Amino acid sequence: MKINDVILQTVTKIVVFIILTFGVELFLSGHNNPGGGFIGGLVLSSAFVLLYLVHDIETVHKGIPFDFKKIAALGAFLAVGTGIGSALFGKHFLTQAAGHFTLPVFGETELSTVLVFEAGVALTVVGVVVTIISTISEDV
Amino acid sequence: MIETMMTISLVLFSITISIAVLRIILGPSMPDRVIALDMVGVNLIAMIAVVSIMLKTKAFLEVILILGILSFIGTIAFSKSIERGVIVERKRDR
Amino acid sequence: METLMTILVGFLVMIAVYLLLSRNLIRVILGTAVLSHAAHLLLMTMGGLKKGSAPLLGEDAESYTDALPQALILTAIVISFAVTAFLLVLAYRTYKKTGTDNLQELRGFEDE
Amino acid sequence: MSVNEIGEFIGAVLILTGGIASVISAFGLIRLPDIYTRSHAATKSSTLAVLLTLSGTFLYFLFREQFVSVRVLLGIVFVFLTAPVAGHLIVRAAYRSKVKLADISTEDELYEVLYKDESKNDGSSEKS
Amino acid sequence: MNNIIAMPMIIPLLTGIILVFLRHNTKTQRVLSILSSIATVAVSLVILHQIQQEGILRLDFGGWLPPYGILFVADSFSMLLVATTSIVTGILLIYAFSSIGQQFEHMFFYPFVFFLVAGVNGSFLTGDLFNLFVCFEVMLLSSYVLITMGGRKVQLIESIKYVTINVLSSWFFLMGIAYLYGTIGTLNMAHLSVRIAEVGQGPLLTVISLIFLIVFSLKAGLLLYFWLPGSYSAPPTVIAALFGALLTKVGMYALFRVFTLIFYHEPIITHTAIGVMAILTMIGGSVGALAYNDIRKIVSYNVVIAVGFILAGLAISTEVAFQGAIYYLIHDMIVKALLFLLAGTMIYLTGKTKIEEMSGLIRNYPALGWLFFITMLSLAGIPPLSGFIGKVFIGQGAIESGSFALLIVAFASGIFVLYSLLRIFLNCFWGETIINEDDDVPLKKGMLVPCILFAIMTVAIGIGVEGLAPYVSDAARTLMNPEIYIEAVLQGNR
Amino acid sequence: MTISLSIFIPFIAAIFVPFLYKRIQSRKIGWFVLLVPLMLFATLASFIPSIAKGETYSHTFRWIESAGIHFTTYLDGLSLIFGLLITGVGSLVILYSIYYLSERESLGRFYVYLLLFMGAMLGVVLSDNLMVLYVFWELTSISSFLLIAFWYHRKKSRYGAQKSMLITVSGGIAMLAGFIMLHTMTGTYSVREIVVTIGQYTDEPLFVFAMLLVLLGAFTKSAQFPFHIWLPDAMEAPTPVSAYLHSATMVKAGIYLVARFTPIFGGEMTWFYIVSSVGIFTLFWGSFNAVKQTDLKALLAYSTISQLGLVMSLFGLGSAALNEGHSANSIIYAQATFAALFHLINHSTFKGALFMVVGILDHELGTRDVRRLGGLMAFMPVTFSIALIGSFSMAGLPPFNGFLSKEMFFESLVNARNLELFDVGTMGTIFLIVAWLASVFTFVYSMIIVFQTFFGEFQPERIEKPSREAPFGMLVAPSILAILVIGIFFFPNSIGNYLLRPAMAAVYPTLAGAEGLTPQIVAWHGFNSPALLMTIGVIILGAVLYKFYRYWRGIYTIAPMTWNLDAAFNANLILLEKASHFFTRLYMKGYLKDYLVYIFSFFIVVVGGAILYTGSYTFDFSNDAPITANEYLIVLAMVVAGLSMLFAKSRMTAIILNGVLGYSIAFFFVVFRAPDLALTQAVVETVTTALFLLCFYFLPDWKKERSPIRTKLLNGLIAFAAGTIVTVLALTVQGNKMFESISVYFEDSYQLAGGKNIVNTILGDFRAFDTMLEVVVLFIAGIGVFTLIKLKTRKEGQDFEDQ
């Protein structure tokens, strides 16, 4: 019996867009407002969860052809890597460095290694959640 | 004045949540419960909005949006689970 | 508030322990989930409640609530999520392999 | 009373109204006879309640701190967008999993459409 | 600034992550893992040496001074364990190469091992209570995965128990941290110690310390060891060996750390409790080791006995007893790994697990038999092998402090160890050879070499104890005098 | 230095034997091995003159400096006697075994073990450091274990090996404890230093314990009653081994220990009584049991037990000398020790010879059963003469060395009766009678050896091989011993002056040099000597008993004689295994639930008990924050939701209720000003719920718990107690906040780390390490789930397979 999901899928398009934007926003604002790598990552992954729910695995994987295990590993690598990076510069392990830069579009911006660290966190979260869900569902 | 109104509405929302929990327990069918859970979520959103007014902070506004998103996702998941058992299919429409 | 929360924590622990002691795998997993709720609330309570405003420096406030337990809880939440996910998958693999989710039937090695 | 205070007051009134609406919907949830009727209470009036509250919050922050909260606006839009879909989905699921209508219902038109030709075979639905 | 002391944890961590990318490249995985083990061993030995020169080292992560930031503290005690862990893992990896099979290698076997090691080393090194919790979780999660690896029925059944019980103990841990934070308001172990010394360890703190006792007892298998025999006999050999060598040690380390550094003011309650639990553990382990005919079970119960034995040293709490416990810890890590490897190899060769089903193995596998013999003697504490010196010191401590019950049980447990393993040796290695030449499963070199390495280590440690002595006595001195540790961590910055 | 090296020579040789054996593969290997003990014997013998002059040699290698364990060797009279015995008998045994063992045996292994043993034994007697002594002590047990089970495919060999190992190692461990106690008292492991200082410590409570434990070690090793049971079973070893280890050397290690420790503990009454009475009883019990044995080797085993008892009791009697001080009496009592040392040597000679004879019989005839043997005198004249010499010496007849030491033994017993010191009175008489009876039985079984085997009717049909004299090579070693037996009788004082005198000085350092400590040994004391009368009595009664053996044999079947310690040991082992199986099964049930019950019970008992015991339940609510009405309502809703979770009929209801809990907690996080937490909690809760739903597809719906009401009540009780404890403790903590939290520091996060969100700054900077590891945890869980699902081993059902 075919189940018609047109309404859901249409709404999802907008909703996922909102969620993704919100997730990125949360991730970026983490340093000064609620949010950060974890929550950003979790929100992003909840967008993926929604996609999986509304569509099916094959469709989603066709749309986003990544190996999420690798993404998770990359995230973990980034997180550990920032630590090693600071160690290489002769600082204490996991010392975060920050600097102010003037970028063409954004103007005065603060860039920090925390951002890399948080990006690692977010990537891992996304990678792991998606890996778990897709692995379980594939095992039917 | 505003303070009192806020407190009253908080209590009202809490009553709603309690009733929804009652519905979850009573059932009788699974969709009843899911709807009630949805309602809990929605009312929590409202409560958080009120709380953030009372605390005079903007820190919780994110939570409102998140809860909105999540209760939606939760409801979809539950309804799919009730409807089809499996909530994420490998391939749609086999 | 603290007292109320402590009692709530105790109550959650009670539920969790009862669930853990049951025979059904899913109940046990639910028990661990509730247990982690209790632990997080406990950590929160121990740090002191409603003692100041949210730990965001941007907003003007005289004092802030204790931020350290919050950070700890965040870590703990993620960890308990990881463990719960694994435990769930383990449960379902076990069911597939053994055909039962009744812990009284899962004795393992002792069946000599 | 300044404009701002009036604005705040309006916001507060909206929130209180939302609270009342929510309790009403809660009564609906507990009093109505079956899932299909309850869903009206749960999705419609509850959504109304939360929308009222959020608008009130938005107004409050707008007037009190001259702060346009994009998040609250987004939240309003989001709830507005998703609540009906969620309600639709769950009721459909209910129907497909063959939750009984209340005894006082007089007609079930969809039954004819869906299950006319498969009275024996009830498809993939699984009751949980 | 001593970034080097983060390395025993970071190297395995990073290796693990990198190996995930190299999933299908078995050869590279092997080469990398061996290289990284060697690097870890080298680094830990360097640190160990450095400590003797410069005293306790510490690394403040991110440069945040204690008690605010997290820090790693390397004293002789922790570094001895870290070094042993690294060496044992390295050797076990060699065994894994020839035994674990490509299927496992493609399923992230090596990464999980490295994560486990990272967790173990991190737990040894950290100076922050909550970080200890996190390190525990790193270790536990990888152990969860490792124990289920392969997904055989028994493994799954046993791992459910293992995971649930460990989740429970983690919960206790979290609860203990919550209470401690509530009363003392800090997480740094040295800082905790200072603050507790300031107000005195009142009844409340003693009760909290008992929660920690439960947590670490669960991990160490002190009295609460029910989960241990089942779960240690389920997974493949290498993994079982890793578990047997490393996992309980972390719990023991934590017990030592917490009850010498933080809660050392009320020994009448806490240390007596530990003593009683140690006695019961040894008795339970001894009884269990005789109860079964399954090799894996016997071996697992031997782990339990050793736990009781080592913690007897903590219960006695004199410098000599600490020395004994540390010697015995090191010895036990090495020899337990060897014992598990041998038991696993025997099962691999014969396809049987019960001792009455094997016989006369020594004819076909003489090297294996003699290795087992050495292991047996070493575990029974027979000189001049590595178990001897620890036994002497613990006995000495027990006598000096008048803990005769501990002395009797500890020494008697040695006989039970001997008897339980003697049963294996007599039944399986001696007796009529029932496997004829045709059914003879060849013993792979890759399986034998690690066993021989371990055996050499136990002999070498036994004879060359003096080489370890300065490190061990320094470690025991630090355990005995928490001020040394506190001074090194806080440096007057209280 | 030489001495230290001489300990290692056998070990070094042992390493080379397997390589050599690979080359030669024949019994010639024995000749190479023989070089080792011969060389060592010569080396040690070269020390005789200087030792006899009263010199001692000592040498130290530093070993475990930190524990005070040094590799110190010490050669004095006592160790010299033993060293000579070890190497001397060792040479003869190896010579004998060259012919005894067939080429098909794995000779390489045999000689390795034998050399190991020899080195270990030398180590025992030459070490001054107690710990080193212990090292070698255990090594002798191990090599004995290996030698007993030389034919490991025989069940009885394995059994005997296991038994001897268990008993001797247990004794060794007890001894170790005793040594450690000595160290605790005196602060040194060196025997010589302890001897010097022990006087200050005799009042310490540890002293007696140390003595008892050391004695335990000595008694197990020397097969004293009731630990003698391992020795008969050890006879499963090849006969040369029995001759060497289980009669001449290893079993005498216990004797050595007693002798060595006499200067330390000898002054104690306890020591005197325990050593002498255990010795006397062992003497009696061994000889009494020896008579009933039909296997010649078993007979010899019991005879060894009995002779060891004799020597032991003499040392016990001799220890009385130390209590007397430097009086004339002490010299008299010291004669017992002299007799002991003398008999020690004598026993090695005649017992060694006898064992070799039995080996020859076994080797040539294929049986050792006295009932099958008889009339062999004609076929095996040389063997017969050796047997005759050995047996008569053992029986205490002239002109053999056994007569001399037996006489001295009786004399010491008579002297002991007069001992006023320990109020020995009646005890002394009992000793005397028992010992005399034992000697009668000794006489009887010695006659059995000679007469039943070599006289009487020849029974060719009952033996397996044709009877003929053994080859020459096999006869050499026993003949040498037999000659020694006679030689010592005629020239006893050369031994007395050169070997026994320095040994006596070692045992009695305080009496050293005293007049008459080393008497002249004479065979004839005149008719009046009580010893001679006793000997005559022994011969008469012994002859009678031997003649009428079959009439009183029935005594062995009446009740107390059939109580078999051996059987008791076996039954105990089996019982132990059964009981431990039963006991372990009792609590290791394999059910998760039981384990959890244990853990929670432990938690409740320990923590709850501690709360009650220490009274840490002082509450203080003054710091509580206010509660609003809606919070009460939410808590109420949570409580209701939680409770109904327990009774939920369907799993999905439970999940929904869990969701309610999770969302409510998120709400509380909002109330408690933790926005980040609320966000995380909400998302995690949803994702977890989704995971639950995902897995539900694969899992069955849960059934109603059908456990009996009692179980439910118990579970409820445990749950309630656990919850209560958590609450009580939390409330107490709430009222006892002792310090300000360190978190004030983090409120400067913007200045310190450039972040305004304190929580996130902590996570990303102050405690970034936690976050990093947490990421790793999550990562492990992720790929762990992947592995768990994807990795399925092909072969199922084969639980043992590793692949």
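Note that the chains take the letters A, B, C, D, E and F in the order they are written out, and that residue 1 is the start of every chain.
Criterion: contacts are C-beta pairs under 8 Å (C-beta built on N, C-alpha and C of every residue); 3 or more make two chains touch, one makes a residue touch a chain.
Quick caveat, the model's predicted, so the values are computed rather than measured.
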Intersection of contact partners for chain A and chain E: C, F
- request: Tell me which chain's centre, taken as the mean of its C-alpha atoms, is farthest from chain F.
  value: D
- prompt: Using CA atom means as chain centres, which chain is nearest the centre of all the protein shown?
  reply: E
Message: Using Cα averages as centroids, what's the distance between chain E and chain F in whole Å?
response: 27
Message: For chain B versus chain D, what separation do you get between their C-alpha means, in angstrom?
response: 10
- prompt: If you average the CA atoms of chain D and of chain E, how many Å lie between those two points?
  reply: 57
Statement: Where chain C touches two or more other chains at once, the residues are 20, 25, 28, 38, 42, 45-47, 53-54, 56-58, 68-69, 72, 74-75, 78-79, 82-83, 85-86, 89-93, 103, 106-110
Task: At least two other chains touched by the same residue of chain B: list those residues.
output: 10-11, 13, 15, 22, 30, 34, 36, 52, 55, 57-60, 62-63, 65-66, 69-70, 72-73, 76-78, 80-88
Message: Which positions in chain F are in touch with at least two other chains?
response: 585, 588, 590, 592, 596, 631, 650-652, 671, 673, 675-676, 679-680, 683-684, 686-687, 690-691, 694-697, 726, 730, 733-734, 741-743, 746, 756-757, 763, 765, 767-771, 774, 776-786, 788-790
Residues of chain F touching chain C in the complex: 585, 588-593, 596-597, 600, 621, 623-627, 631-632, 635, 638-639, 642-643, 645-646, 651, 654-655, 658, 661-662, 665, 668-669, 671-677, 680-681, 684, 687-688, 691-692, 695, 698-700, 702-703, 705, 707, 715-716, 718-720, 722-724, 726-727, 730-731, 733-734, 741-743, 746-747, 749-750, 756-759, 762-763, 767, 770-771, 774, 777-778, 780-782, 784-785, 788-789
Message: Can you tell me which positions in chain C touch chain F when the two form their complex?
response: 1-15, 17-28, 30, 33-34, 37-38, 40-42, 44-58, 64-75, 77-79, 81-86, 88-93, 95-96, 101, 103-104, 106-111
- request: Provide the residue numbers of chain A that touch chain B in the complex, in ascending order.
  value: 2-3, 8, 15, 18-19, 22, 26, 33-35, 43, 46, 49-50, 52-59, 133-134, 136-138, 140
Field: Contacting residues of chain F [partner chain E, same complex]
entry: 62-67, 131, 134-135, 138-139, 142, 149, 152-153, 155, 158, 161-162, 165-166, 169-170, 173-174, 176-177, 180-181, 183-184, 206, 576-577, 579-585, 587-588, 590, 592, 594-596, 598-599, 602-603, 606-607, 610-611, 614-616, 726, 729-730, 732-734, 736-743, 745-746, 765-770, 773-774, 776-777, 779-781, 783-784, 786-788, 790-793, 796, 798-803
Task: Give every residue of chain A touching chain F within the complex, in rising order.
output: 26, 30-39, 42-43, 45-46, 49, 53, 69, 72-73, 75-76, 79-80, 83, 93-94, 96, 98, 110, 112, 114, 117-118, 120-121, 124-125, 127-129, 131-133, 135-137, 139-140
